[in-house]
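Have a look at the structure below before the remarks.
Letters A, B, C, D, E and F name the chains as they come in the text, with residue numbers starting at 1 for each one.
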Amino acid sequence: MLYRFLKAFDERFGFETAKAHCDIPCGIYDPIMAQIPALTVVRMIDLMNDLESKGGEKGREYYNTFSRYVAVKEDHAEKAKHEIRVIWGDYVKAQHIEAHPDLPALAHKIMQFGSKTRQTTDRQAAVDFVEAINQFAEIFWATKNVKTKRAKAPYAPALELVYPDL
Amino acid sequence: MLYRFLKAFDERFGFETAKAHCDIPCGIYDPIMAQIPALTVVRMIDLMNDLESKGGEKGREYYNTFSRYVAVKEDHAEKAKHEIRVIWGDYVKAQHIEAHPDLPALAHKIMQFGSKTRQTTDRQAAVDFVEAINQFAEIFWATKNVKTKRAKAPYAPALELVYPDL
Amino acid sequence: MLYRFLKAFDERFGFETAKAHCDIPCGIYDPIMAQIPALTVVRMIDLMNDLESKGGEKGREYYNTFSRYVAVKEDHAEKAKHEIRVIWGDYVKAQHIEAHPDLPALAHKIMQFGSKTRQTTDRQAAVDFVEAINQFAEIFWATKNVKTKRAKAPYAPALELVYPDL
Amino acid sequence: MLYRFLKAFDERFGFETAKAHCDIPCGIYDPIMAQIPALTVVRMIDLMNDLESKGGEKGREYYNTFSRYVAVKEDHAEKAKHEIRVIWGDYVKAQHIEAHPDLPALAHKIMQFGSKTRQTTDRQAAVDFVEAINQFAEIFWATKNVKTKRAKAPYAPALELVYPDL
Amino acid sequence: MLYRFLKAFDERFGFETAKAHCDIPCGIYDPIMAQIPALTVVRMIDLMNDLESKGGEKGREYYNTFSRYVAVKEDHAEKAKHEIRVIWGDYVKAQHIEAHPDLPALAHKIMQFGSKTRQTTDRQAAVDFVEAINQFAEIFWATKNVKTKRAKAPYAPALELVYPDL
Amino acid sequence: MLYRFLKAFDERFGFETAKAHCDIPCGIYDPIMAQIPALTVVRMIDLMNDLESKGGEKGREYYNTFSRYVAVKEDHAEKAKHEIRVIWGDYVKAQHIEAHPDLPALAHKIMQFGSKTRQTTDRQAAVDFVEAINQFAEIFWATKNVKTKRAKAPYAPALELVYPDL
């Protein structure tokens, strides 16, 4: 039903349904701009774990370092969420949702996991965040008829990312 | 169907479905933070019209002024879109969509009108942008059991805005 | 005396004393853009209190959360101060100070309370910050011949805010 | 009268009247952070003049260049205004105004000239902006018992700036 | 000689020469964060060309659109330059320059082309900018023992980008 | 050798080798824009020391304050690094390096010390950061035939800064 409404709306108001309708930059959406920040969130949590395992007194060097990890985790979680919000809000059209009916729920998951990675230092939530964005990327590239593949990112944490298979 | 999926997801993963689940600031969402920027977009177009009607040579004072209007229109359209994206992405939950099934399509409209107001100097698109955000605000306040009213904004352009009736 | 100097200056240099002379956006000043951030500062302190009362070990989840509250408190205190500085610097004219001679001192109070809310986690300073901005809002709307009313904000912390009575 | 109120207020609420009470960075205010941006505004207008005098067709290279000058002029005028607003709002105390009763009016002038340099491409307004900030700097350094001197800035436009005489 | 100095310096002051020494995010440098913005610069110039070829009167819709292209070109050229400056400044160490003695000159080229793409609407300069960053990316990945490949970017303008071969 | 390559490159591609080739603002580079932030980094560490010496329980007021110092230290270290990266990337040309062959290594030192001041609360690293930037400033002014002098900054921490002798 959502699909039918959106299709009718787009046709009536003359918005192009075929291509990425951007505010500009035009047409250049790439989920990697969300995937790298999401990976950075996992990285920050791994660094927090390393810091913990060092042990020792929790003096000011500890808190200087820990604060910086929290700040970078925060910024990058927001960055990843922002990139997905923009693709979701500006690129996704009626025919995409018709072809991929799970897309709205996936966008919802991404936002939820993104919030959780900010509010906690839970590595699993951050890994789930990366994976949900991977799934979104798969669908995104499919809408552009671009095949994808999975490969380990070439930097720590070497999680699997979905890449366009070029 | 979307509602059922989201409800199941939220219950399984332990996300609160009752309150505004924020990344923080917690719970403080107010559509006025999108409505005022949207109104500013209309204002910039009105100023462009005033500039045109002055006539005269289009020299550098004209372009200095016109460029500034374009830049402010751009910033404020993005600001309004961003505020709605965040409420849409972080606040809206399964039960909201069940109660207001037009909400997803309305969010889509807002994004589309927002893009159009950036890409053109069309006043109607900007007025539609304000009105779509008004409708979103009405639903937002309804989800919080807050009555709303419409009143003219106390500054030019004195369009109607939806306000919480406090 | 301040009033007489400013009036003479404005008349000599040809600046309009009647309307909000903006850099642009033109004429759209709304103290709500300062009031909501100031309320958010109180909210962050309330969240800090909640965190304290949970008790328990102050481990990394505590510091992740606490750091985030500090950062948001910081940003929103600056945001509120900035909005008032701009209205004070760009909108307030000679005749406003003549009609409301306490305006300069009130602006000074706002800046001082704003600094204090950043430097401490003192809820009273934050509540004073909100109230000083409320008084500034009352005067602001009076200069525009707009009646005001007080009502509890429709979100926690439900402090009284001054609203234009539309 | 303003002085007496501020002094009483500061004493009652326990704000230090002696040193620069900052939000942090603490104590490091330097008007050069406003003077250099203000000089940049003049520079942009000089570049606009150079562009005009080249003559020729006003094609897209002209507008690419002119738009960039407008944008930089805009950013730097705001930057200069912001720096002065912060010193004015956070540093200036009761005893400063008592010693320099023209300080409020000077701050007002700076804001007005700053707005004018954004709204026009008038070089005199930009030069007045630089000079008003120079006068503010003189008073600022006087409040810190630091002698000042005037010298031509070591870059175009080589206007006189007020410098601390170190 | 540069190599010998840097090596001695790093050894004396205890900076790790082996891994990417980041300010944080730690270790996650990816030239794609510069390549996509650089491609966007070319895209903006292509859109300018499209706009020109439409012909017609250069009224306000033209200038609204053209100004937006200039602004996005500006932001993305700076973004690309910034990403390269950070990798150049924080990642590149003595042994990298020894292995790739053309690296400093290549960084210089990137900055020069980046400036040129901002100051003009010359497509070739923008294409050169993309290619210089491609060469930088090749060397970057080589320093990490990651093979690269070239492939057309999956969006307009479909120029070749250097990608890690994962 | 680096000098010869850069000179050849600049001559071939038509970039001016004589003046500061800016993206704009044109020609207005001033290392003070890096020196003041670097001094602020030292200041934050001094404030951390003051906080420590107060002793007492490390409760929430301590962490509110300490977090703020970390955040400001972080921002200002990046600010200083950014300003130097831009001068290094956009201003420094072949003939500058020929006249001052230690310039590349000095830029490297600045980046390294800047990173260290962020990653630790080590005052010496911050003092080294200021001094390395001072040396860069000396060379910068020398390339512009402007004499320099050293003097204590007129605010805490009153370290020596290199100033143009105007």
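Going forward, a contact is a pair of C-beta atoms (placed from the backbone, for glycine too) under 8 Å apart; a residue touches a chain by one contact, two chains touch by 3 or more.
Note that the structure is a prediction, hence the values are computed from the model and not measured.
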In contact with subunit E and subunit F alike are the chains A, D
Steps needed, at minimum, to get from subunit D to subunit F via touching chains? 1
In terms of CA centroid distance, which chain is the most far removed from subunit E? C
Cα centre of subunit C to Cα centre of subunit F, whole Å, reads 35
How many angstrom lie between the centres of subunit A and subunit D, each centre taken as the mean Cα position? 42
Per the C-alpha means, the centres of subunit A and subunit E lie apart by a whole-Å value of 23
Return the residues of subunit D touching two or more other chains; collapse runs of consecutive numbers into ranges. 24, 63, 67-68, 71, 118-119
Got a list of which chains touch which? A-B, A-C, A-E, A-F, B-C, B-D, B-E, C-D, C-F, D-E, D-F, E-F
Touching residues of subunit F toward subunit A in the complex: what are they? 48, 52, 63, 66-67, 70-71, 74, 118-121
Complex contacts: residues of subunit C adjacent to subunit B: 24-30, 32-33, 36, 39-40, 43-44, 47, 68-69, 72, 76, 141, 144, 146, 151-156, 163-164, 166
Residues of subunit F that touch subunit C when the two form their complex: 60-61, 63-65, 67-68, 71
For the complex, which residues does subunit C have touching subunit D? 1-2, 5-6, 9-10, 13, 15, 21-24, 77-78, 81, 85-86, 88-90, 101-102, 104-105, 107-109, 111-112, 114-116, 118-119
